[in-house]
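Shared between the two complexes below is chain A, which pairs with chain B and chain C, respectively.
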Partner chain A sequence: MNLTKTLMATTALGFAAGAVAAEDMANEMTIVSWGGAYSASQLNAYHKPYSENTGVTIINDESSAEAVAKIRAMNEAGNVTWDVVDVVASDAMRLCDEGLAEELDHDAVLAAAPDGTSASDDFGDLLVSDCFVPQIVYSTTFGYRTDMVGDTAPTTVCDIFDTTKYPGKRSLQKRPIDNVEWALYCDGVAKDELYDVLSTPEGVDRALAKLDTIKNDVVWWTAGAETPQLLADGEVVMGSTYNGRLFSAIAEQNQPIGMLWDMQSFDLDGWIIPAGLSPERKARALDYLKFATDTQRLADQAKYISYGPARKSSAPLVGKHETLGIDMAPHMPTDPANASNVHIYDYEWWADNRDDLDAKFQAWLAK
Partner chain B sequence: MSDTTDTGPVLAADGTPLKRSLSRALRRQKMRALMLIAPLLLFVLLTFIVPIGQMLFRSVENDIVSRTLPNTVIALQDWDADSGQIPDEAIFTALAIDMQAAAEAKIHTRVGSRLNYEKPGISSLFRKAGRKAKKWDLENDGPYQEKFIKIAKGWGDPEVWRTIQTYSSKYTAGYFLNAADLQNGTEGPEWRPENEQIYITLFKRTLFMSMMITVSCIILAYPVAWILANLPSRSANLLMILVLLPFWTSLLVRTSAWKVMLQQQGVINDTLVWLGLVADDARLVMINNQFGTIVAMTHILLPFMILPMYSVMQTIQPTYLRAAKSLGATNWTAFWRVYFPQSIPGIGAGSILVFILAIGYYITPELVGGTKGVFISNRIAFHISSSLNWGLAAALGSILLVVVLILYWAYDKIVGIDNVKLG
Partner chain C sequence: MSLTPVEPRSASFTAGITSLAGGFAGIFIGTAQGSTFTGFIVGAVLLTILTYVALLMRSKEKVVRWIILLAFGVAGYVTGGISSGIMGLLMGWFFSWFIFWIGECRYRGHLVPYLTPGQVLWHYTFRVICGAIFVFLITPILVVLPLSFNAQDFFTFTPEMLSLDPEGYSLKHYRNFFNSSDWQLSFRNSLIIAPIATVISVSLGTLAAIGLSQSHVPGRRAIMAILISPMIVPLIISATGMFFFYSQVGGFLEGTIGLSKTVVGYIKIVLAHAVLGIPFVIITVTATLVGFDRSLTRAAANMGANPMTTFFRVQMPLILPGVISGGLFAFITSFDEVVVVLFVGSARQKTLPWQMFTGLREQISPTILAVATILVVISIALLTVVELLRRRSERLRGMSPS
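Right after this comes the complex of A and B.
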């Protein structure tokens, strides 16, 4: 560890000369996100107005996919270079557990709703971790080729497991989360008992046995862009991915794809502040968070991408798509018509069982 | 000769014995050489060997438990895990003290995540207990056994305590056991349940597929290198650009291009269907399996095979072949007995390069490998960047390193490392 510090010190010395030149370093912050259309929506809804109001230059880093590992490495080296980081809720919990993210008092640091409702009531159940400020609700759900399903479009998630009615390949994410729940649900387990069943070894076997029935028909994906591409190529009949990806394939690229919202799996994405920032940087990061997660800003983001704002008070403010001019509300996973049957995944349960289930899932895949 | 031996040791011009003077000059030379390479040596040491050493050390390091829960670890020493009884109040009190200190330092969940690798569920036990422990008045708030079990039932499970006891030492073989599909049982290491065994399969598969990729590279690269070496230099240069072109294209682009080629609605299948060689409903499955990985990786690694072969073949004199033929050898004999043996150093160098690169690849297998075509490196990447189980990643990495070193040693014994040339 000492050696690492010496190393860091020498490297820092080397860079000191360059740092002197950048005097307004204090006026810069690095915000980490996922890139693509998602980063663009944040740029338009949050970064631009914030920079205009405060004069702070925002540097966009697109490393969210490996944020957890990088924050840990930065923390161990004692040199955290990121100010605000966009991660999914389960990663936020992981970072919080490892002491790598700042714990926040939500009511003290976030703006209240316009009608005076406190931040913690406005976000409600979505505050799943002390370190996490939710930003959007997205869902992992299914899209299908409208021209490849015959006259009867799929209506329930269990159609994924019905290879006689819908022959052809389907794409699923290469991880146990969501897939094992869908499998058990379609094997007849009641929705509120899913995690009780999964907590037993027999339950896990049962879920994998159900997945086994379609194993030969599955293309496994790891990047969110894969399913829209596979659907567009006609490689798969149906497949799961993030709802925003399907929206852009349908609305922006006019692909013959339909949405299957049944049992969509809600998940959250939001901000954390890495632990170990200097007081000034932390204060600035908090100032940014307060601005970027207020009611109007969250509603603004929905103009650019079809993810639902995490505040209840933002929902009525969601308007039309900035360039396409279509109403965004019906494309939100949180829209009542889409959310009649949703799956809400249990963060605490997955935090405990993720490693174990993953080992079993990977062993099953490799068989 | 006898004259000189009689006059004692040979002297240099300044009167010192020549032997000493020579060795001094040599030493100075060596020092100078060392000084010249010192920057590089330091660079390699600091940026390569030290970090890798540190990373590998994580595979046995385990002081987080005894550091975070010092009192509990000492108190647990005399507890008998096989008794089936949960620990007594003294141990729970020790845990309460440790838990409060750890929760204040916000490190209690870190040890929870560490132990969760060994027994699922421990992570939330620590998260829940830490939240409460911060508010305890340690002197008066006992008894703690009841309190802990009230917070979470898991604290009353002797298996949880056995896990803490087993992993309380400063160093652990746990990560290495896990990396070999083993676990710490009640009587030493035992196999993991069959539905969790994966790493040995992956190690075998990685080695097998890397060898397949190396062999297909040899087969494809040999004729290309031969043509390159025997063409006039102008056309050889042109062809060389074609060989190097893939180097300048992004790895992801090349991999995605293979997807377009190989998928069921892809270029190759479309062509075969159009030609009537394959029925429309029986399109070939060429991607998301081992075949896809081998094809894509052979293409990506091919230049690493062609280049060393080419530079070795260039040094082989065409006169040898002519001489062999003029002495009555057939084309085949001339090639096999004269040309081929001289080109072996190029094959050797290329094979080592390709094999070692292949064994550590993970992006391409992840994209085109499906379930049967992924490597052990995919799991290492997963544990580094996603599950944060760096200890296990380090153990897997160490094993891979040792396997490569053994193969290198075997290669040296069989082929001889002197027989490797880059030109």
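Right after this comes the complex of A and C.
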């Protein structure tokens, strides 16, 4: 085991050395992301300026949803076609553990903040994995139809479970993450004890029992675009999705939707470089990463979508929406007014318990 | 055998049938308004009254029909604006016609008089079933067309669209398709990959079919089974196998032969799609070869034509319909295929179905509907052209009486 690690480390070093010596970098790269408004924001904030500066052709692949499986298959077939991949933090951790993503020395490969703060200090706690370069902080939170909730708009996440006050369908993501935490919280569990309770079998049963109370009223979604569509159709009265999707539906599409920020669940999204790239391609990928995650670029992305930049130094630079001209700061999940009561999602707990809970959740769904 | 004369029916008989139809229509309107049952009752009662009144004035049929038509239209317009008004006019037209069709016994007008009521009922039920099948087949395609002109970014018939307000419609999704580099890239890729894959599968498939139709080929059943296996094996399994196989092929082409990554990507998908298309060509060509008279090739040989000439001058023209329809199938297979592309291709070679698939999953954008509309129009145009060409060639060869 140790020997393999040393071997891998030396090969990685060799690659790095080769890249520096070769000087020339690949002139075409494939960047994988999530599609939709999110890819559009990356295109405007990162890809376009990078292509203009360097003349590199960037090809977009919107396959982040199955990134882990595809990278595994590519690696097995010895044919990695992706250069930079946008994944959520938990996927990055899995890929890193399996040796499928390149480990990075953040201070060496990333740009420092304009005031000279090192990259690792600037990103701070968000550097959750050695392979992962955080890009944005997003949250999974709720939106509701303003014209379908009567005079009293929902104010707490527990209104999701109140079908007498807010009759109608609600949409939830088809996975246990977030849903079981919300269920326990609304069943009277204190926020800091959520994962202690969930660690016991009774706690899981309790969460599922709470979800049982609304099971008949839930539309389960798997893609982030579904809840905005369901809300726009009036098929659901409220539903969870990524906050940027709701922002786009509200501000850009003028839909009668309101935000419910209570107990929003923070998560991170960012870049990894798949392992096994040729030296030229790896050098290109690193060059792109250095550019795309500097302070100004991260702040630029917030002009197009309401996700918070992962660097501390980017926060003061967040300005107005590029076309609408509205201030973006109040729409960020990290804005103090929105973040008064947030749910901090526990990566480690989920890494350990995900398979088990997925199985229980699926069994519960099928009941 | 009893004969049923064509003569006016009683109002009670007519009202029985029309009230059922009214109740059926009422179910839809009632459901839309919130109460299915009320809709049914109101529809049935309304049509019963209408039938009695209309049949009292049988002699003034034209006037009565106009009045019903306009009444329905106005009622629709008052309750729900222009689009409901149009729906009302359509319903008014249908019911005014239906009442007199039943009441004046026109439904027996062109049928033989000795049919029993049961047979007459089945005669029309059969037609309604056929119509319903047609509606269920075609509606999903038709629904897409107006939605693609949506001014919003959702798959929703907005209130503006329903009231036929021009504000509710826009061409922005079409503009998006023509301006987006992603869509244009995938459109170009589809236009590159599908024709080349079709040419390969048509030439190889036709040759294979001709060879396999010779009785002296050993093990031809086994060969045939292997060749058409891509059609039988679940696509996801073929795709997984192809992924690993073509990764090796790609590595060889890039590493040893030294082709560029982009070209190799196209070669991989073209070959994979050709393999998927070959079974269709083999099956259609084999089917036409059954009707091919082998003595013609012997006659040609007898007159001194070599096998090549015989094939191109004698056999090919006669089996051409099979070759063309096989080619069409192969083209559509490649043009519609998403699973294998997702496995074998990389983003540089993404085709239209790939782009539609990821677009549908990640962002439910009506641009997909605009593309779908364009594809429907292209498909219809393509089929029309092929059909016209076929008729023209038949006419030129004097095979068709027309």
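Quick notes on this one:
Please note the rule applied: the second predicted complex is superposed on the first by the 342 of 367 C-alpha atoms of A that agree within 3 Å, B and C clash if a C-alpha of one lies under 4 Å from a C-alpha of the other, contacts with A are read in each partner's own complex, and residues count from 1 in each chain.
Criterion: a residue touches a chain if its C-beta (ideal position, glycine included) is under 8 Å from a C-beta of that chain, and two chains touch if they have at least 3 such contacts.
Model, not experiment: these values are computed from the prediction.
Following the overlay on chain A, a clash is recorded for the pair chain B and chain C. Once chain A of one complex is fitted onto chain A of the other, the partner contacts of A:R72 are limited to chain B, with no touch recorded for chain C.
Look at A:Q362: by the touch rule set out above, it reaches chain B but stays clear of chain C. Legend: residue contacts after superposition of the two complexes on their common chain; A:G35 is shown touching chain C, with no touch to chain B.
Contacts of A:Q253 after superposition on the shared chain: chain C is touched, whereas chain B is not. Of the two partner chains, chain C is the only one that A:I59 touches; chain B does not reach it. Once the two complexes are laid over each other on the shared chain, residue contacts for A:D196 go to neither chain B nor chain C. After overlaying the two complexes on the shared chain, residue contacts for A:T81 are found with chain C alone; chain B is out of touch.
By the touch criterion stated above, A:P228 is placed in contact with chain C alone, chain B being left untouched.
Legend: residue contacts after superposition of the two complexes on their common chain; A:V219 is shown touching chain B, with no touch to chain C. Note on the chain A alignment: of 6-14, 24-32 or 258-266, the part of chain C that runs into chain B is 24-32. Chain A residues in contact with chain B (one complex) as well as with chain C (other complex) are 65, 233.
Residue ranges of chain B in contact with chain A, taken from their complex: 46, 50, 54, 106-107, 109-110, 112-113, 116-117, 120-124, 127, 195-198, 201-202, 263-266, 288, 366-367, 370-372, 374, 379, 384-390. Residues of chain C touching chain A in their complex: 152-156, 182, 185, 243-244, 247-248, 250-251, 261-262, 346-348, 350, 358-359, 361-365.
Contact residues on chain A toward chain B in their complex (touch as defined above): 3-4, 7, 65-66, 68-69, 72, 94, 96-99, 103, 169, 205, 208, 219-220, 222, 233-235, 348, 351-356, 358-360, 362-366.
Interface residues of chain A facing chain C in the complex, by the touch rule stated above, are 28, 30, 32, 34-37, 39, 59-63, 65, 73, 76-79, 81-82, 223-226, 228-229, 232-233, 252-253, 255.
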